[in-house]
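Some structures to go through are shown next.
Here come two complexes built around chain A, the first alongside chain B, the second alongside chain C.
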Partner chain A sequence: MNIDRRKATLFGAAAAVRLLLFTSFPGLPDLLTARVEISTPVTSFKRLQEGVFLYNHNVSPYDGGVYHQAPLLLPLFSLLPSSATYPAFTYLLYIILDLLSANALMCIAQSGEAVSSKLFTSPRKDKRWSNFAIAAAFLFNPFTIASCIGRPTSVFTNCAILHAISKAVNGNSFTAMFALSFAAYLSMYPILLFPPLALLCYDRRPPLKNPESIYSFVLGNAVAVGGSLYSLLHMSSLITGSWEFLSSTYGVQLLLPDLTPNVGLWWYFFIEMFDSFRNFFLGVFWIHLSSYVAGLTIRLRRQPLFVLTLLLGIFAIFKPYPSISDTSLFLAMLPLYRHVFPLMRYTFLASSTVLYATLLGPAFYYLWIYAGSGNANFFYAITLVWSLGLSLLTSDALFAVLRDELEVERPEMKGMEIRQI
Partner chain B sequence: MRQFHSLLLCLSCLSFTLASSDYHEQLLLKPLHPSLLLASFNFQSNTTLASFEQQNFRYFPRSLGQILQHANTRELHLRFSLGRWDAESWGARPWGGAREGGTGVELWAWVEAETDEVADGRWLTLTNALSGLFCASLNFIDSTRTTRPIMSFQPSGDHKNSTFESLHLLHGTLPREVVCTENLTPFLKLLPCKGKAGISSLLDGHKLFDASWQSMSIDVRPICPLASNDCQLQITQTIDMVLDIQRSKRPRDNPIPRPVPNEELKCDTSKPYHTEDTCYPLDTAAREEEWTLSQIFGHPLKGACPLATDGIDPVCISVPHARQVFSSEGSHEHKDSSGFMRCYHLDSEKDFELVLPQQEISEKAPLEQPLLYAERSFIGYGQERGGVQAILTNPSLTEAVDFIYMESLPWFMKLYLHTLNAKINGLDTHQDVIQEMYYRPALDRKRGTQLEIRILIPANSTVVLTYDFEKAILRYTEYPPDANRGFDVAPAVITIGNVSIRTTSLLLPLPTPDFSMPYNVIILTSTVMALSFGFIFNLLVRRFVAVDEADQWDVRSVRLKVAALIKGKLKRFRKRVKMEKKE
Partner chain C sequence: MVSLLSSSVLLRRNPLILKLPPYLSFLCIVIGVAWLLVLPLDNYSRRTYISENALLPGQVHTYFAGSDQNVFRGYKREVDALEGSGNIEVNDKLEEFFKASGLKVARQSYEYKSAGETYAGENIYAILHAPRGDATEAIVLVGAWWNMEGKLNRSGVALILTLARYFKRWSLWSKDIIFLITADSKAGPQAWVDAYHDTHQSGMVDSLPLKSGALQGAVVIDYPFDHRFQDIHIVYDGINGQLPNLDLLNTVVSISGHMGIGTSLQQMWQHSDSYRDRLQTMLRGMLNQGLGHASGPHSSFIPYHVDAITLQPFGEGWQDEMAMGRVIESTFRSLNNLLEHLHQSFFFYLLMQADRFVSIGTYLPSAMLVAVNFTIMAIFLWVKSGSPNGESSNVSLTVEAGEKKTPLAIVKEGDAKALAPEATIAVRERELFLPLAVVAGSQFLGVLPLYIFNHTPEAMLHPIFTAFTSINGFFPLILSALLTHYFAPTAHHYTLIKTFSLLLLGLFLSSLATLNFSLAFLVGLLSAPLTYMQPLPNRPIVKGVLAVLLSALSPTTVLVAGCWWWELGIGRVLKEAAFGWDVWGMTTQVVVWCVWWPAWLVGMVLLFGNPREEKVKGAGNTIETVKT
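After this line comes the complex of A and B, so read on.
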């Protein structure tokens, strides 16, 4: 019962902080919803309200250029009372989602997969943080709190991804695949997490009398993902009445018609791009994003959870419409690897770069859009610095984990300087 | 306006009874307060549909007729407008707003076609052909600026029921277009007298485009009189302008206003501080300005147009009968019974001149009160989002007014309809004011937003309509050359029965990227991506070894390596030479 009380205290404190911020600053939720670092065209809460309004008035929200989110969110939010008149229900929904994500994260931490997977055990496995510390680091991270108050729908995606990983770590491969397909249905990019997730399920599956081969296992899981995706899409087409929502939701992520500024690299690049090269560079950017999956999965076969963590970090930098809620998901998974933090070389540099970009970003955006004394290059430069800082952080984490693997292979290397050839 | 409606009735009656001439023209002058003059030029021609179809054009212009035939257009309304009509000072609009368009160019037509796609193709033909005819950029009216209004426009001609089903109403606006002399010249060329005789000889680009408000309109519609079976096609060309008398009197070769010399200043001598060097301007409200027709328009009227042989007096002026008006010899004056209108019959050989001397007179011709006052503006600040506010006032003390408010917004203004709010006299009552709404959302780069609202305002009330929108950021090539000026948003069209009122257009500044940096942006972003990819790729592909196991790459080791390489090659070379020698 001791554990439950600590967990309840932690969750209660997190919920209290969020409720306090929601209620004692009445303008804060709308202010944060309006910020470009939190809301993107495919996750914005104001656009969701517009979509729900049109849906309730029998106008197809996908016939316009404002609403680009998944159709299943429409009946969900029309069941809740209108958020303009009774906002408390929406606040409660988002607080519950955050607590569910924290719960899933605690499950992942508790399983110890980060320090000792099926094929690899770290020599530093005693130096890890407790579940509560990891959940607290997630719940009290300013990025997480800001994205809860701002209410983007990427919180749903984060919750689904964390549940997929926690179910995989517990061996429930079918539930994990369903959660992954729900995340992929909401935003497109989680489908790229399928290979490492399937390997994680394979590693952690309960022992059977006739163990199947890896190929048939992965194939079965792929069929499960495909089937759940198809059923979700079919339900959506029944809700909206046709298949035209596909070009408004997934087509927008692929072809980028909406160029609203965000913390990513895509928007300014495709503003300044001439029309004849657009399709080529769209293809290049998507191939670049997808290219990390294969390499990381093969090289880090023995630690699929770390592959997932790293991929989440890479997607937070390079996906079409990133926001700080994707970064908060990556920073949620990173403390699981606290045992390799001493092996990282550039922690101070990466964290100070990220902090610098976080503080200057809103200032330069204000200078461009409101004050008029700066131009778009200021904000663009900050997005470059942010992306560099995050990529430094991810590659440093990768270095630390590889160094850890090396020390298991060649124990005499412990503490020695190394080179790469 | 009562006078205008009576004139129009007169004209239409005459057009049926006197078949001898199918061409009518009239000029109506109406002084407005203060020191402004509303001049309405109206030209009307008829042709029978039979002769139209046989390409037998007499008074109907051939160039326009062939365009209408080629594009299967049954009814056409084209407007070129500039300026703002000040309803509070000038009263109701001329012709009830029926001959007026929004700022820039506005075009709406009923096109006969079987399907929507065929109608769009014919509309494209129509806009391109009209753009060539009128030297205006009408070809820029593409699908993003075209809407199909449901409630706002009704056909003013008589169409047979069989054709009515296949008629498509298409409406396009170009608020950015600057109307100038190059649009006036083709307009005048469509007239039978071509600006050389009659009232069209007064029209001059310098004076017309210096006006406070001007509107040029062309309406083509079929009329089928009830008695006979043959229909006619009528073209009505109208130019309305509100001229500032002081500004128009400035000579053309010396248009710069210079300070009036001390002796010519009109000072109020009753003030206590009136001295040589202090002057309080005299209130000239009771005094009527002096002006002559050739001073205002720049040259005199060159006689009557000989093709208008129907007996309508071509020039009318709406002043009280007590006002002194002198006309040139050869013209006859007819005063009408209402007390506020007199018309002149002109001689076709001699020039016509009207002189109105300065006169102290307080009686003025009555102004008709408009049915609705409307103004629209932007609210909010910053280049990320904003709002639109429309203030609609019903001045009538007894009657409620029921009208349709139509907005056609560009696609880069992303409207949030759930924020639409109507406040009546400052209180929030959404339900009673908005009766019906038709909304077609915008699709990025394909079509704009179309919003039509039916509103009912009770007597003596003001309704403030507000909604939020978000500004999109466009691609590099989609900005016009003067990107920081902003984009023009078409005026809102308010339809109250037969009367239409238009608000002003709005200027929307959008956030701009840095236009000097396409190459820099591409290389910087590619550098960041390459750096990140490089970090991870290196880590994945290379293997770790201890420091002492790795190859050293300092100067000494490189020198030794190069020396060893050269020695080995020399050795092999010498061996080969030796073997060749042996053979």
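After this line comes the complex of A and C, so read on.
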């Protein structure tokens, strides 16, 4: 009872803060929606409205070349009263999504998978934050709040990913796979989370009398993902009347035709590149992004949840269209590893770098776009710093977890300086 | 192996390196200030030059003379006759004149409310369509009916009317020319330029019925007297410290130089080209930039990336209004030549005199050094807060490690073994919650004065400010006492509070330095003592002295001192600030109340802090090492 009251207070406070921001600053949602740090071409709420308008007027939403998001969002948002006249419904929807994400996060924290998985138990397992603290860190993270107010559709993806993970730690593998395929359907990149997620499901599945082998388990899950993805895509083609949405949604993510600036590393690179090299480097960038999956899954086989956390951090840096909403997802998962924080070496450096980039990013964007006294290099330089800060954070977290594992394997190395030779 | 071990981690514990940062950050401040002081020297500043070749300043013959002087006198008499009339009446007459010159005329009324007062009026403007252009670009000639000092801009408006008639006769314009006469100098230009870019608040400010192309530049004439003048005073500061492109300024300076008219800046009526005068010009410029207020009708144009300046004739000399007209004519001919928006020259500069400047690359390090001093200290304190037994660690390490009293850890590497003092690797677990809450709380408190001073009616501003100043005097004391009473922070907590506060200050100031250099520098300098504040429970005299010093540098005291020095009423300054916030979109207040004031508050709280003895609670609980 007491716990429920605490949870209700936390969620109520988080919802109140968001409602307050939505209602007391009426200009804020539109301002944040227009920020490149929050809205990317594949998640922007403005573009979604354009798509909904076209959809409601029986024009293919992909005709204008503006809308690049999943078709199933269209019936959802056309069922809601128009956000121009009754914005309150949209606000509520996004607030609820954040609360659902927080709820899933609490489930993940509750399970204790982060400190003690099936194959590995950290020696520091007692030192962890309560699931309220972790949910609060997610709900009151300025990045989360900003992306809730800016209403990009990546909020849906984040919610789906968190649900997939929370179902997986509860051993509910088919629901987890459905949530994953929903996330992949919305944004494509979450499909790369499949290997660690399947392993997590395998580790956390309820004990059976005759356990199936890992291969058949993973295969079964792959079939589940494939099946649900197919049905989602088929539904989409029924809604839009053709399969042309594939090239406008996933094609855009793969081939990067829209080079609107964002906090990622791709746009500037592909602006500068000669067209003849474009396809080659698209391949290189995508291979680079997906190469982390196999390596990390194998190396950190004993902690699949950490692989997922790390991959989310890596995606937030190296995705084609990243935004701070992806960062907020990574920062939501990171506090689960509170027990390895003392082992991290560059927390101060990394967080200062991220803070500096957070302030300088908008300043330089302003100098470039509005004041006209800067140029694109200003903003790109700061996105490099931002990515550097996040890479420091991810690699430092990886270091800390490996160190933690090392101390179990070789107790005599405890407390010693580790040096890469 | 041992030598490998010893580099980075041992460096962190090196006693010398741990002692260095306070001096280093002091050095940063000193170098930052010294850097600024050497800028006026010949070796560090540069002579200005025209970057944009298309401008060709002063290369054309000007024809504004002769019979146009009679036209000017006629308009002048009409303007004089309108002196006592209302805004609408004046505009009716002006509309007649513009129409008689064959121009399209439109009007726009506006109404702003700020600090309980209403600022309403009607702007009138006429568009001369370019005979050789396609109406995609325009330049603006502005005159406010009442200038910044509230004087009737009699010769200025007459000159604009004459020039409108004169420009209409020429067929060489390739950009539209807009003649704008605003009702006043503060709200009118803002209303017009907002509406021109469709960013006005509808309801309060009318949309413009007539528009032309993208604005390429704006020149304001402020000529309120009717005798001959000596030189031209150029005003160039925009809102929030933005500046027009240096090429525009250079063009006017070069043109008036060709015509034998001198130019001056920043109300330096006499400039002897000495170090002292250059420094004074630069500092006045920095102050204006730092305050971020509008210094003339041109200021409202600059945020829209429209380069604009105000020209004010001054002094008693032998230049007549026709000379002024020729300067404008020649400037407009130069602007007319532009092939693209002014972009070649600098947007960030400090001017020493009309033909000498320093660019951002040269002056930015001074503000950055001042900001970096806070960051250095923050990093230093962070490292220090991680050392196992607080401040004494470095001493104990050097002594005890020699005596081999510290617990040693054994490193095995195959056959080789090595011993290393455990303390070199141990990192103290930091207690972050209380420090973060204190710093975040004081940041949020800053919203309070920001809201109050921007939303109070004028009559109440002075009393409220007095009340706020007096509360501000003892508020840190109470806050500190509350903190000690309820949370009993340890020295460790105080160190972390200071770390976060300084980190944030350094962060804000270095970001601000890229947007408004002068403000960042001034705030950084005024809060420099914060770097050295720490709880001094056992030294009441030093504490008292520091408290007085810090109070003298508080935002409120600085405001009072500034008002006293320039003999301004505090109520008037605050009203102007509220007007800036409501109408111009001025953000200086945000920096003062949400960056400077919270940092100052935390500094005061630190000074009055009374750290609890750590050992009482038991070192075992608070100090943890990796070795647990």
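In the analysis below, the second predicted complex is superposed on the first by the 420 of 421 C-alpha atoms of A that agree within 3 Å, B and C clash if a C-alpha of one lies under 4 Å from a C-alpha of the other, contacts with A are read in each partner's own complex, and residues count from 1 in each chain.
As a working rule, contacts are C-beta pairs under 8 Å (C-beta built on N, C-alpha and C of every residue); 3 or more make two chains touch, one makes a residue touch a chain.
What you see is a predicted model, and the numbers here were worked out from it, not measured in a lab.
Trainee: Could you look at A:Leu119 and tell me whether it touches chain B, chain C, both or neither (first, second, both, neither)?
Mentor: After superposing on A, A:Leu119 lies clear of both chain B and chain C.
Trainee: Considering only the touch criterion stated at the top, classify A:Tyr370 as touching first (chain B), second (chain C), both, or neither.
Mentor: A:Tyr370 contacts both chain B and chain C.
Trainee: Looking at A:Met416, would you say it contacts chain B, chain C, both, or neither? Reply first, second, both or neither.
Mentor: Both: A:Met416 reaches chain B and chain C.
Trainee: On the A-aligned overlay, A:Leu259 touches which partner chain: chain B = first, chain C = second, or both, or neither?
Mentor: first
Trainee: Does chain B (first) or chain C (second) touch A:Leu359, or do both, or does neither?
Mentor: Once the two structures are laid over each other on A, A:Leu359 reaches chain C alone.
Trainee: Determine, under the contact definition given at the top, whether A:Leu296 touches first (chain B), second (chain C), both, or neither.
Mentor: The answer is first: A:Leu296 touches chain B but not chain C.
Trainee: Counting only touches as set out at the top, which of chain B and chain C does A:Ala8 meet: first, second, both, neither?
Mentor: In the superposed model, A:Ala8 contacts neither chain B nor chain C.
Trainee: Who contacts more of chain A, chain B or chain C?
Mentor: B
Trainee: Just checking: does A:Leu238 make contact with chain B only, chain C only, both, or neither of them? Give me first, second, both or neither.
Mentor: So A:Leu238 meets neither chain B nor chain C here.
Trainee: Give one of first, second, both or neither to describe whether A:Ala16 is in contact with chain B, with chain C, with both, or with none.
Mentor: A:Ala16 sits against neither chain B nor chain C.
Trainee: Could you list which residues of chain A make contact with chain B in one structure and with chain C in the other?
Mentor: 370, 372, 413, 416-417, 419
Trainee: Applying the document's contact rule, which stretches of chain A touch chain C when the two form their complex?
Mentor: Per the stated touch rule, the residues are 124, 342-343, 348, 352, 355-356, 359-360, 363-364, 366-367, 370-373, 412-417, 419.
Trainee: For chain A, which residues count as touching chain B in their complex?
Mentor: Interface residues on chain A, with respect to chain B: 34, 36, 46, 49-50, 52-54, 59, 63-66, 84, 257-261, 265, 267-275, 288, 291-292, 295-296, 299, 314, 317-318, 368-370, 372, 375-377, 380, 384, 387-388, 391-392, 394-395, 398-399, 402-403, 406, 413, 416-421.
Trainee: Per the contact definition, I'd like the list of chain B residues that touch chain A in the complex.
Mentor: Interface residues on chain B, with respect to chain A: 381-385, 411, 414-418, 439-445, 472-477, 511-514, 517-518, 521-522, 524-525, 528-529, 531-533, 535-540, 542-547, 549-551.
Trainee: Residues of chain C touching chain A in their complex?
Mentor: 4-5, 9, 242, 303, 305, 341, 343, 347-348, 375, 379, 382, 409-412, 420, 422, 425-427, 429, 503, 507-508, 510-512, 514-515, 624-628
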